[in-house]
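Paired with chain B in one complex and with chain C in the other, chain A is shared by the two complexes that follow.
Then we have the complex of A and B:
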């Protein structure tokens, strides 16, 4: 089976994101970048398939600035076979739909049996690109995927639902947006890292794919960091009864949770 | 004695033939073992020859490591057998030479020699008796009591008895050689001997032959058994690691390597294989292991014996086929991987081993293969590694929050004060862990009170790499170490203070492997130095509320104590601080200190099997407390503090016995300090 995983490079979860000057974007200085967590699950899920079936190949693709190459290398180090970077001046300003179109162009060329995306990125959290890609391709889309098995052109997809899971069958190529892989994303071996370092990563230009940024349909008006969390409160005075009464009062009047 | 073979060519030929067979079998096995040994990777073990000769004299000939408590009596028994063996071997050679050539080894006829031989014969027999009684009636829990041991003890006893028999009957039968001193014990037994001359002569011949044939049989049997250690200990001690105990081996040119760590007996160094030949299965390492003591699947003895057994099993095959890699050590048994991850690298086993076996290096080599070749690391440990990689600390806290503990303290960074004499390398724990941030602030108070010129790196500091190296990710350690070494170079850092023994150990002992050599002190050492130099003073009467001294137990951090031999400085600090009575957690203190459970990257791994190591440690502290009540337990390591805090909480004693850091104890007793003791 031929798998294509679409990933996005986002600030690592250990980074304390700061709002940049102007208040409409983040300050990128000093940011450590990584594969967005759900996308990393998608890579792991594809690699688990590859582990189970040696004939499976895994390709990864991202649309983004040149630094996004590091995310592709990470996926290669984990065990992906090839990687493509879609970049160019236009890449930075593309919105979700533009990204989906760019990815669709790559899919059309690579002709995978299945496309995997994370269910959402960890920066914009829109959850848009995967379904949009399915729409552009005219392929079916299954969301919240936790596993899949493929045989004879059909794919059985495990999909998480409240309190359990459903198994859906897709007869042709499909787009899956991944909730979580069976195992935690693997730790790349050092030879894997070294091999990935030397691997050629072809670049495609967004404009050359015929994708136009066009006028933005969405505009970020303002970014604000969340308010600093205040310290907790410890009720010490009084006996148990008084403390309990005070606790209920505070929960009702201050915290407003009762 | 006049040999029974004297003048009889046939008997001489028989004797030579028996010895040729015995020692021939010995040589064949020795050659086989040597060839297997050469399967191991090359490693230079010849640096510091003077140290090696000293070790040979003290550890091998002097049997130094045998006498550790609680093994003193058993150790003495062993030493007597060993020294007896050494002396009596000269006599045996003499017997053989005189039997074949009629030639006497010079000196063997002197009174001094015969007295020494007889003295040791008695000591050896007494020691064997002690060993037998122990094996039969008080078998030590960790020792594999097997037939092998009895055969060896029986063999030695047989040689001693035949020795005394032929000496005595030789005297009775009057076959003493002229000009040679009489063996004193034989002279004593001579009068008690019941048989007449003729019978004695027969017994003499039988005992003489028994002894020499016995030696040949022993020679054939030895290298098939664990008793091989009598030959391998000599080189094993000589070639022991002369690196600082706390330093792991560097993987040079790591980016170009095709295999990393031990994926086969071929990847373990020849010295690590020699360790396997040398292990006598005494189990002292197992006695000290905190993982084994708390029910984990790790037994350090098993690690060494598995290496040996696998080498003996696969060696023949591997010697013949250079392309055969053999089975990866980490896959030798179903539980091997869990065994390897259970190790806290506390060094208890290495400290205990009488024949200088290096357990930790093997475990780390196998972990390296798991971590770097297979990417097979426990998920929580993997998270810690990724966090170090991306955030510069194992907790995954933001890089730019590293110096927040110092907010409002006005601690200068190296960028602000490049001329500062000392760099205080804070470490991840004191930077991010709330409890340990208080320790960092105490360090600042103490340094300021002593007028020490210092700076911190602030957000430019990154994890020293110790957890990564001990988990087995040597590459990540090298990346972290290089980053810090570069930063140090940028600010011209030469002197480093560390309040964390792990930072201390890796910067002091391991950074030199990458070209970073500094004067590194742990805060416990520094405080002692500052007090001695008269730069640090305490408030008169501070801490001694109502004139009573408070009793504080001291917990030895492994990477301060066993790995770096820093036992006395922290104790010295506790003794000089006013109002503190130091209490030892006997017998688990100093060299026998018990790990808190956090070392070797275990801090970031879950502990699901058996009792938690820190809870066991708290049990020991509570036992000491039952004898001499304490109000605090001081440590000098942020991870020990976290572990002891957790254990005190779990046991519900956190109000009664407060875990603290040594530096908090010191800071609370500085002059003009108003706040209460921590």
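Then we have the complex of A and C:
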């Protein structure tokens, strides 16, 4: 099976994100970048299929600035076979539908059987590119995927829903937006890292893909840190029973949530 | 301004977030409340086909959808189909001439942002972000018939989660009781379930707990899990990693129980209990039960 995984490079999940001086973007100084967490699950899910079937190949692609090459390099080190960077001056301003169109151009050339994306990036938090890519391709998509297996020339896909999983069968190409892989994303091995270092990562210029309508729709008016919290009441050193009764009283009378 | 609310139904009626969305649509303009019908199992693609067709005729300016698992999925694909602007998980919406001003979060909940989306637009709405007006009854719902012929995928089966409890859907719950590593093992969840039962709460968990397989993934709160905004969030034995905080700091009231007085969870808590949760939780459950009985 030929798998293509779309990834995005975003601030590492342990980074404390700060709003930049203009109040319309984040302060990128000192930010360490990584593959967005759901995208990393998508890479892992694809590699798990490759582990189980030697004929499966895994390619990764990202649309982003030159630094996004590090995310591709990381995916190669984890075990992906090849990587493509879609970049150029326009890549920085493309919004969801534009990114989907750029990815669709790569899909049209690579002709994968399945495309995997993370369920949402950890910067825009929109969850739009996966379904939009499927729409541009005219393919079905399955959201919140936790597993898939080949079955009689088709693919069975596990979709996380409230209370369990639905299993859907796709008999042709599809886009899966990944919720979580079966195992935690693997760490690259040392030979993996060495191999990834030597691998050539071809670049495509967004401008050359002939994408229309990729201009941003959403205008960021203002960015702020989350509302400050804290200064709460701390109950300690008391008799457990009394503390419990006191907390119930506070939640009823002061917070009015019980 | 024509605003649509696309609603979802559960066995007990129209879902709470759908009622919130319907009330919001009414606030914003001339509202229609739509429900996709005719599908044995809700699914994004046939629903999108039916709604896009109706949108082409009725020309709404704004389509609001509750950001449930199914709603997010449908809203994103619908926006792509229509080629409209899309904003997900809105916590505030105002109409401002030819655009919608939407507040939402970015960077996995670490940043609040205000964006302007040109109309027409599709916006998914975070459950609990808009309070349901007092006495808001069931709205008048128009059916939009979807066709199974627009479903390219074949449904095989439903596999329910093995975990007991968790009767209240997490994303929409008004009270959430979450457990972390401080509970020491899955066998100790009885206590958490009992408290949740008394409070009518949904169950949540930290990532450490779902990664360890103590609880199902769908209960994970935080980055790579669910973002929740209940009236009351109770964190039991959760230290408060930044990824967890990102998913719950917008809760109205936060209670934390932890034996480590320096745990980061106390920095966001409105009420903190420093102590042994194995002693405290049963006593607290008992006190809540007594208080509820008193009325």
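Rule of thumb we're sticking to: the second predicted complex is superposed on the first by the 229 of 258 C-alpha atoms of A that agree within 3 Å, B and C clash if a C-alpha of one lies under 4 Å from a C-alpha of the other, contacts with A are read in each partner's own complex, and residues count from 1 in each chain.
Everything below uses one rule, namely that contacts are C-beta pairs under 8 Å (C-beta built on N, C-alpha and C of every residue); 3 or more make two chains touch, one makes a residue touch a chain.
Computed from a predicted structure; not experimentally measured.
Of the two partner chains, both chain B and chain C are touched by A:184. Touch criterion not met for A:92: it reaches neither chain B nor chain C.
When the shared chain is aligned, no partner comes close enough to touch A:207: not chain B, not chain C.
By the document's definition of touching, of the two partners only chain C reaches A:123; chain B does not. Contacts of A:30 after superposition: chain B is touched, whereas chain C is not reached.
Between chain B and chain C, more residues of chain A are touched by C.
In the superposed model, A:16 lies in contact with both chain B and chain C.
With both structures placed on the common chain, the touch criterion links A:146 to chain C but leaves chain B unconnected. When the shared chain is aligned, chain B comes close enough to touch A:194, but chain C does not.
Of the two partner chains placed by superposition, A:108 touches none, neither chain B nor chain C. In the superposition on chain A, the residues of chain A touched by chain B in one structure and by chain C in the other are 13-14, 16, 184. Taken together, the chain A residues at the contact with chain B in this complex read 12-16, 30, 32, 34, 184, 186-194.
Taken together, the chain C residues at the contact with chain A in this complex read 41, 44-45, 68-70, 72-73, 76-77, 79-81, 83, 85-89, 101-102, 104-118, 152-161, 166, 169-170, 175, 199, 211, 217-218, 223-224, 231-232, 242-243, 249-250, 252-255, 261, 266-276, 279-280, 283-284, 286-288, 291-292. Put simply, chain B touches chain A in their complex at residues 254-255, 257-258, 260, 371-377, 379, 382, 385-387, 390-391, 396-401, 475. Chain A contributes residues 10-11, 13-14, 16-17, 19, 26, 37-38, 41, 96-97, 100, 120, 122-128, 130-132, 134-136, 140-144, 146, 156-158, 160-172, 174, 179-180, 184, 213, 217-227, 229-230, 232-237, 240-241, 243-245, 247-248, 250-252, 255, 257-258 to its touches with chain C in the complex.
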